[in-house]
Each structure stands twice: as C-alpha cells, then as structure tokens.
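Next come two complexes built around subunit A: one with subunit B, the other with subunit C.
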Partner chain A sequence: MDKNKEKSRREFLVDLGILGLGSFAFGTALFSGYKFEKSKSGQTVKLLTIDGKVVEVDSLLIREVNRDMLTELQERGRKGIPNKSWVMVIDLSKCRNARKCISACQNAHHLKPEQYHINTLQMQDTERTAPYHMPKPCQHCDNPPCVAVCPVDATFKRSDGIVLIDNERCIGCRFCIAACPYSARSFNWFDPKDAELAENTTYDVELNVPQKKGTITKCLFSADKLRKGELPYCVSACPNGVFYFGDENEDAVTNGTTKETVRLSKLLADNGAFQLMVELGTKPRVFYLPPKNRIFPYTENQEGIDS
Partner chain B sequence: MITPILPKPIVTFCCTLLLAANIAVAQNSKEPSEADKLRYAPFKFTEASVNNGKQIYQQNCQSCHGEPGKGNHAKLDPIPYDPVSSEFQSNADGEMFWYVSNGKGQMPNFSSVITETQRWEVISYIRTFNDKYVQIVAEQGKDAVLTSSIKLEVEMNQDSSKIIVTLTDTLTSPPQPVSNARVSLWVERQFGKLPIAEQQTNNNGIALFDTPTDIPGNETGMLTLIAQANSQNLDIVQKAQLGIGTPTSPKNLLADRAIWAVNAKAPIWVITLYLTGVLSVLLTIAYVMLQLKKIRDLNCSNKSKPIL
Partner chain C sequence: MALDNSMNKALDSIGPKLFESVNLNKKFHAWMAFLTIMLLICLYAYYTQLRDGLGVAGIRDYVSWGMYISSFVFFVASSLVGMLISAVVGLSGQKWVIPLTRIAEIIAVAFAAVAGLVIVSDMGRPDRLPYVFMYGRFSSPILWDVTVVTTYMLISLLLLYVTLIPDLALGEKYLSWRPKLLIKAYNLLSLGWRGTEEEQKILNRAIKTLLILIVPVALAIHTVTSWLFAVNPRAGWDSTIFGPYFVSGAFVAGLSCLFIAMYFFLKNYKMEEYLTPNVFDKIAKLMVLVSLVYIYFNLNEFLVPGYKLKKFEAVHLKQLFVGHHAAMFWLVQIGGLIIPTMLLLLKSIRKPFPMLLIGVVMLLGSWFKRYLIVVPVQEHPYLPIQHVPEMFKFYTPTLIEVLITIGPLIMVLMIISVLAKLVPIIPVWETAHTSIDTENGK
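For the complex of A and B:
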C-alpha cells in the first residue's frame, strides 16, 4: 500500500520535467537533422531502369542493390516459367546415332565425355526384334521419385514441369540416383571439366554451370534456353529431326531440325506414342514414337560418325 | 441376275494399270514428279541472290555437304554430294528445289527453316560452280507479284465462322484488291508457327479460311494468328489477335501434395502418421519413466518403514 507513496509529488514533477525536456531536445535534433538532409541536394544522375526507361534520380538517393547474383538465380530457377508445361517427343524412327545431341549438351553444361545428361542407347528388346537407337534424357516426371527422397530440398519440381537440382544445396548423398528408375542422374566424382575457366562465373541453377565436385548433375531440359524462348541444346543440335519440343498447354511441338510445328495430340495419336516405365506411376514428360519405317538401316557403333 | 463377263486380257490389263498407279503413288511420296522437276526459279539469279544463297548454304547445308569443291562433306551413307560434283549439278533446278523442300533420304526437309525465295537463292549459289549452266526463269504465271505497298488485313466475319484475309495495294487510289496471291494462315506457338491452311485470294483480294475450333488459346481464348502472303521476292506477314481459341487454364503441376521431402508438399496422411509415431514413442518413454519413478518412490517409502 505504501508502494504508491514511495515517490513524492515533487520527485514525480521533476521526473516529468526531465522527460519533457529530453523529448523536446530529441525531437528538435531529429527535425533539424531532417531539414539539413533535405537541404542537401546532390547532383541528379540519369539512370536506365530495368524496363528501359531513362529516369533522373538524386545521386544521394541511390542505394546499391544488396542481393547477390547467386540468390537471384536460385530464386528465379525455383519458380519456373509461368503457364508453361514443357514436353519432349523423341522419334525413334529417325535416330541414326549421330550423337550431336550429346555433344551439344556436354558443351553447354561443361560435362566430361563420359558424363551424359542425354545418351543414345543401343536397344534390342528381345533376341528376335530389331535393334534401334534411343536417345534418353531425364524424363522430368510429374511424380518424381528423386525429388521425394531428397533430404535437403536440393532437387525440386517447377511449375513448368522441369525437375532441377540446386547444387548449392546438394550434399551429395546420392539418394536420388538410387531412386531414379531411368538412371538419369550422375554424380560428379572428380573436379569438373574446365574448372578453372568457370571459376568466376556465378552458379546458375538453370544451366548447372559451373558443375560442382561432390554433387549430382542431370538433364535440365535446357531451362536457361527455354527462359530465352529458344529450343533446348539437344533439340536444335539434332541433324535428323528426332526431337520435338513444345508446350503441352498449347498442344503444339516444334521439330528442332526442320522447325515444323505440329499438333502434339495428333502426333502422339497417329504414331502410337509410348512412354518409359509408366507402370511406376512417375508420369514422365518425355514421349517416344516407335522405331518404325526407318529411313536408314541400323548399324552399330556409328559413334562420332561425322566428327 | 446378270453377271458381267469380262475378257481375261482386259482384267489383266486393268490390274496392271492399278498396280502401276500404286507404284507411281508410292514413288510420288519420295521423289519429285515431272511437274516438280520442270519448276524454275521465279527470278533471274543475280550477284545479290548468290551472296544470300552462300550465307544460307553456310548456315544450313555446309555441315553435311561441306564447303563446295573441297570434298569435306560429312561421312554419311549415302554420301551427301559436294555441290560441285556432277551428281549434284545434273539435277534440274526444280529437282534441287524439291529435295530442299521435302528432304531426301537422311536429309531433312527445310520447308520450315528457309523460305521459298531463300531456297532459290541457295540454288543460285550452287549453280555458280557449274560453268555450263544456263538459267531458265519461270514464266510469270497468274500468281500475283507482291510489293511492299501491299497491305494485309486479318479479321473475322460476324458469326466468327470464317477468317477473312484481305490483300490491298495501298499505292493506287482507290486501293486495289490483289487477286491470285497465295496466302497461308498460321497460329503462333512457343517455338514456331502451326500451319492451318493455304488459299489463293479471289478477285476481291480476299482469302476465306474456316475458323479452326479446337486450338488451345490463352486463358481468355485469345490466339495469335499469322497471315502470310508469299511471292517470288517478298513475303508479307501480318499478325492478329483473335478470340477463336479454346480457353485453357494452365494446370498447376505443384498443386497436389505428392510424397515430397518438404513439409509444404508432403501428403497430410504422411505428416499425421509420422507425428503420431514420434508422439507415441515419446509417450511410451514417458510412461516407462513414470513407472520407474513409482517403483523408486515405493522403494523409498518402504525403507522409511521400520522392518519388522
């Protein structure tokens, strides 16, 4: 009860006075500082904004952008290109193992000759059926087992259907290699190719360059090219018109060699298209057209046929 | 009932005819027809056309056919002939044009890669390696000659069942319709143009197309149409946004909760099952600890009691 009367009226008034004076002094200081800053007018400079407009800005108002390129690229890479749903169609009847897709891909992603994001396999289903060549990239599943097992959220699926890896997050546990039924992923056991050359480049999630030792690498559907509105490296490098690529929402795919655009649904229906290991429920985004009516005979070991 | 009796030789003759026709059809799909072979360039080959042709050749043909005269073609089977070789030069202009347009053997077709004019320019370049070659220019047919003053308009009729493409020459007054021009209609897609149809313009300079009904547009059903009038030396292109597409709502591939490692994407039953498991283990441990404590307490209270 006596607690309230610990402070006398006199003491309370003194305190109040000090508080009032103090806040007045602080306010004045703040105001004069503000006035001083306002009266300081620096030179104006002309700047170009991102959307291409020239604006005049007081040089004192310019602040440096603090975000680094890497974060920017990582964030952009996670998002995907809006309203797109990429699909690839591979026409097995046209593949003659020219391996141009492989070399274009390896050049773009700084891969060693023994590392494949896409590979042309020599297939023979049974002893009595005819052999054929089969280009096999990552299937970019809609229900990707690799993404499900990643313990650090390094590999992820984007809204446009592409499955990517963020090598800055990857810890190299290789769970995803074990999970992938298509053997699409490989591990960087050694220092990557051209490690010194790529030293100063910022890591781009959509290109996977520079490659990192101790992390996973795999086909990216050339996400960097798609962002520019161009066809993937392998698709445009093929000399035989094997690859079609396009947006499922538009129901159209474009041949990388002849640049012909066709209806996706019609192409798949007319040619008896199939997908790999659908029974696993992975929902792949790559379609195959069967190796029928071939325009060239099958020959083994056409590797480096015209290099 | 009357059964027609045909003499045997006639039946055999008809069969042979049919067979021959079949073979002819089969061959038509692979080889140029006589009419195709007799096709000639619609313009006289000039230095400019040769220079353009050289550039196009270097970009599109050289990787397989090699540099002309050097024999450094790709090692394929059959051999992609060197343009200087007699095998190559013995083709008529029309044949070459057909092969570039339709492909030959392993060679892909280039009809969507380079325009007709560009194809003739490549041929004009290739012919510079043949001293004996004398060019025959195609007679000016009924096809209209296009100039840069010609305007191309794309619109729909009232019930939007037809797409009307109008060609008018704006240089004359009043503007004159351009008839007999070849107009093709395309839909713009991500990586190329999807062909719809091709028509000749009528006397009013109008080409009528049936509106395609099943092509996916954007969310509101808008489609970008490309109308293109082709002629020997000039292609006039006009784009138009029309609401004739099927409205599409892009499916969000990330909407479903699949079995994914991140909490935000994991199915609810997985999260519930996991949390229940962890909780029951913790509760079991807690229960065991409690029982142990009870035993200890019992033991202590027993100690305090005097032993009888």
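For the complex of A and C:
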C-alpha cells in the first residue's frame, strides 16, 4: 500500500514535470511567433554602410551591432588600407620649431602636454656641426623592434606600413618603450586627459581615443584621417611646409601646407634625403631632407612661434 | 619502516635533534606578525598604484623600467642558487654540500615563486595578465621568460618535495609531540614511503633526473631574463655576453643569500653539527670561484666598449664611470664585488660571522648592480630628451615605489620562514644514509 502510494506520487511528479515543460515550450513558441508576426511588416529602412553607401534593408534583417562596434573597429584597424604604403618626408630646411604639428596632434589624440606622438627636437650632431630643428614622429619601421617584443600582439604592423597600438589589448609592460630606438612611444602613467569626456566614446584603434590609463600611446600616421582620404593632423597643421605625406606605391607625396603634390623619388633624390639610424636595421618609413639653405635662421626658441 | 639496524641507529642519533625545529615558537609568531604588518603597508602602497596608475612610481616615458624590473632580475638571479648547490655541486659528488641542499632549494622556490608577482607590479594593466596566455606572441622574450620561470619554479618545487619524501615518512617517529594534523600531513605527503631498496632506487633516479633537468632550465631563466635587455637596440644593453654575464652574477647573488641563511640557521637552529666550519669554508671558496667568473665578465662588459668609445656607448660609460651613477657604480663593483671576493681568500674570513657580513654586502651589491644595468641605459636614448618635465630626464624612485619593491622581498622571507618551520632544514634521511656510507667506506 505504502509502496503504491509512493509510486503514484512519483508518477504525479513526473506528470507535473511534463506538463510544466510542455506549457513552457508552448509559451515560448507562442511568444516567438508573436514577435515574428509583429516584425514581419515588410518595412524597409534606409541605412548608411561603413563605406558610405546608402542602402535599403528589410527591417527584419537588421541586427544590432552596437555591442560589436569595438571589435569591428579593432579588426578594421588591424588590416590597414588596401594597396597603400604610406611614407612621410620631413624637410628640415623649413622647420623653425613652430610646434603646430605637436599641438594639432595632441588635440586630436587627447594627449597631455608632455605626451608626444610627434616632438620637435633641437638637434646638433656634433659640437662642430650646425644645430637644427627636427620634427620626430614614429618612424613606422618596416622592421619594427617594438612589434617584435610585444608579448600580446597589442602593437602591430599593418599592410599599409603603419605601426599601431591597440590599447584595449595592451598590458602596459612597456617593453616596446625599451625597444624603440627613436623614443617614439609614450605611456599613460595616470588617468588620461579628459578621461570623463571620452567615457562613452567607442575606442577607435586608428585614432587611439579614448586614451586608457596604464597603456601605451604612439604616433598613428593619423590612420583615421587616411581612412577618410585626408592628410595627417600634423602634416596639415604645419605653417611652414615642412611635411610631405603620401603613398609610396603611387610615388607621390603631398605637401601639407602648399597642398602641392610631387614625385616622391625625385624629391628624395634631388634633396639628398636620409633616414634616422638605418644602421639599426629598422627600415624607417620617414625620410628627412637635410637642413641646408635654410629659410629661417636657427633660433633656440623652445616655446614655439606664432606664424 | 623496513630499515636495517644501522640505518635506524643512524637516524635515531640525528632525527630527534633535526626535527626539533619543526615547531612554531613565540619567536616565530612575533617574526611572522612583524612581516605581516610590513607586508600590509607594502600592499597598501600597491593599492595606491592600482588606484592612481603606474605614475605613482618615479618611472616615466624615457626611464620606463625602474626598481620593479631591477628587482625582478634580482629575484630570478637569487633563485639560481638552488640549481647551483643541488645540481652543479651535488651532481659532482660533493658530500659536504648535503646540509645545504634543502636551504638552497627553499631559497630557490621562494624567489622563483615571487618573481612573477614582481613582474605584475610593473604592469600598467595587471587586470589583463590573462592576455599573456590568451594572445601570447612567441616572438616576445616575455613569453619565453614566463615559460621558463614557471618551469624552473615547478622543477625546484618538485626537487624540494621529492628529496623530502623519506624525511616526511620519519615524521610519525620524531614528531609525535606535535599536533596530529601535522603528522597526518606528513604521512599523506610521504606517499607511504618505507625505505625499501626498490623505493630508494626509484627515488634516486627521480632526483637525478630532476637535477639534470634543472641545469638547462636554470641557465635558461637567467639567460632569457638578460635577453629582455640584450634584444633591444640600445647602447649599454646591446651586448652579446649578457646571458653568461647575468648567469655568473646570479650565482653571486644566490650564494650571498645562502651565506645569510646559513648564519641564521646555524645560530637560531643550533646546527653546528651540520653547518660545520668545513661547510662554511667550502661554500666561501665556491663564492670566490663564481665571483671571479663574474668579475671576468664585468671586465669584458666594460673594458671592450670602453676601449672603442663609440658615440652612445661613451655617453653611457661616462655616466657610470664619472657621471650621475659613478658613486653607486664604484661602490657596487669594488665594495660589493671585488673587495668581498678578495677578503674571502683569507682563511680567517671564511667563518660564519664574517661571511654573514660579506653576504649582506654582496647581496646589496647584487641588487644595486641590477639597478645599474637597467636604469642608466634608458637615461640616454639615441635622440635627446627634450620638452618634458625635469623628472622625465633622470629617474628618482618614489617612496611608494620603494615600498612596492620591498613587498615581494617580505613575501620571500615569509615563504622561507614558513617552510623552514614545516620541514627539517637539514635532510635527515640523506644525512643518515651518507654517514653509514662513510662508515662502510663507500
């Protein structure tokens, strides 16, 4: 009798379970059916794609990508712009330390005054040679020592020659700072500038904004500007025509001040161009034209001048 | 235990004495309380670094590796003593080294285990530590370092444990006056060791395998650590002898740790019978040998670039020899290396107390030597340091940074202290075994 009672209770529990599961499944089906019916209105929506085309899409096919915006920007940032090979030419005979390149760069990348992606150095090679001003961005080496030593692939070399840093990946070991012979890298030792303002911005690898505490920041050749077909921030900010920027594949570079486009190979050949510390085997992508026939006499101005 | 009479007799004559130290006395509690308070202060310092950023330390964009990295190199260096004593000296059949093997292994395990934490204290984003395993790139020497330091730590731990197994089985006999839990743990960890011929054969084979295995791994950890610097195209780091230079320096650092530990155990554990004048004499002579090798590498490292005086090497050497770091450099090289080595040539100095003092001096010298290898190079990059605040140009450690550097050292002391209270510091079984062998004239 007792046994029977127990058995029947077990059976009852099993039945209850089946009933519960059944009604749950039915409810779910009903709900998804309702949802489908509701959205099956055949309406289309006009959308702007990443490459700037307006397209019409059925509203049914729309998936929210907000969550993956970061991943998408990171992936795009790692690929580089197809068929490009960016180079910069810096004409030392024209630089008089106006430091406009620096301020434009620091504004664009939310940098503190002591954080440089590009810095203008007062150089004197030996005691007996003449001093000159030298803007010094990252050299975007084709054999970059910084990329080799990064333990987590946070800094990487793109197909278009640019060396970038992904500050969502960087662990802050600063091996790259130790490895870079050009002192081109800077670190966010504290909370970055305007940390609160940029809180809701999605991180863009090609702009490196928002900056993040405890990660590296460096010159990006303004990869975000290049994506839009514009010249880098520093290049267009220069009042003295120091910078040329362009694509090595097209053998053409454009002066940021005069907007004049010239043949790269001719510019380099005619002016006796050189590169920094080639003996280290880094293969830089930045060329320098020697500081001869200077437009301005050298002055020790440290603060920068208004042009 | 299935031991013959002579072994039992030998064990009984040393066992009670050597197991006496497996006891937590008041002195130990006071010492650990002191260390805990110190550690808490250091942990608070680390908390401020986590909260405010790595900038609470004196490191900046140019000198971006400071005390933390110097200390990391020092930790890896000191841990090499385990391999030197157990493997290099032990494998060559030197019986006098037996009383030192366990002390050396404990030092090795403590330093190797904490070295990883030192590296974490230098990370801007310690929360992203798992990325090293998730996204690791094997072209980076950091990956090599993580791999070999972990391997070395595990082998050292295994070596410490495997050589302990026969002693753990003796716990029941000699620790009957201690809490039941401890005896239970001893029994559990002894894996039912009874001391039969076959067990001994297996144990000896296992120990030998580990001893041989640990040699290349130990060489690798410090060679790879030296490559963290040598792979960078920087004057002063750009050297081909950094590997052996670091390894020989590591033996000096590790042996000075051992000097200090030996004095401590001699006095506090009353180990005169085992840490005999002969052991002190021999280990001091070993220190002279490794120091001479280290001095030889120093000579190469400074004389060769000093002869050529290439532009940037010249700037670097000038800073060391007569410039900003000259006082520290000469103090470390002469006071912390050459003079102690020469003193150890005198028989009257190869005694416990003078060796304690020499150990302290050489240990300090070893720490500051790593500072001199890491920091000055970065103060003189190829391109001038301009338009930055003064503190970017020369590195000055902050108080918080000093505390965060001391923290791991306290952890090492804690690990050594605890281990030295949990197990007999002199290998009991091996000592008894060796004494029988000597009696039998083997």
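Just so it is clear, the second predicted complex is superposed on the first by the 237 of 307 C-alpha atoms of A that agree within 3 Å, B and C clash if a C-alpha of one lies under 4 Å from a C-alpha of the other, contacts with A are read in each partner's own complex, and residues count from 1 in each chain.
In this section, contacts are C-beta pairs under 8 Å (C-beta built on N, C-alpha and C of every residue); 3 or more make two chains touch, one makes a residue touch a chain.
Keep in mind that what you see is a predicted model, and the values were worked out from it rather than measured.
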{"item": "First, second, both or neither for A:170, with subunit B first and subunit C second", "value": "second"}
{"item": "Which superposed partner A:19 touches (first subunit B, second subunit C, both, neither)", "value": "neither"}
{"item": "First (subunit B), second (subunit C), both or neither touched by A:153", "value": "both"}
{"item": "Subunit B versus subunit C as contact partner of A:190, first or second or both or neither", "value": "second"}
{"item": "First, second, both or neither for A:57, with subunit B first and subunit C second", "value": "neither"}
{"item": "Touched partner set for A:85, first subunit B, second subunit C, both or neither", "value": "first"}
{"item": "Touching both subunit C and subunit B, counted on subunit A across the two superposed complexes", "value": "148-153"}
{"item": "In the complex, subunit B residues that touch subunit A", "value": "63-64, 74-77, 103, 105-106, 108-113, 187, 189-195, 215-216, 218, 248, 250-254, 258-262"}
{"item": "Interfacial residue positions of subunit C with respect to subunit A in the complex", "value": "52-55, 59-62, 64-65, 122-125, 128-129, 131-132, 134-137, 139-143, 228-229, 231-234, 378, 381-389, 392"}
{"item": "Residue numbers on subunit A that touch subunit B, as the complex places them", "value": "82-85, 96, 142-143, 147-153, 157-161, 229-231, 239-241, 245-247, 249-252, 254-255, 257-263, 295-296, 305-306"}
{"item": "Subunit C-touching residues of subunit A, taken from the complex the two chains share", "value": "114-116, 119-123, 136, 145, 148-154, 169-175, 177-179, 181-183, 185-191, 213-215, 276-277, 280-282, 302"}
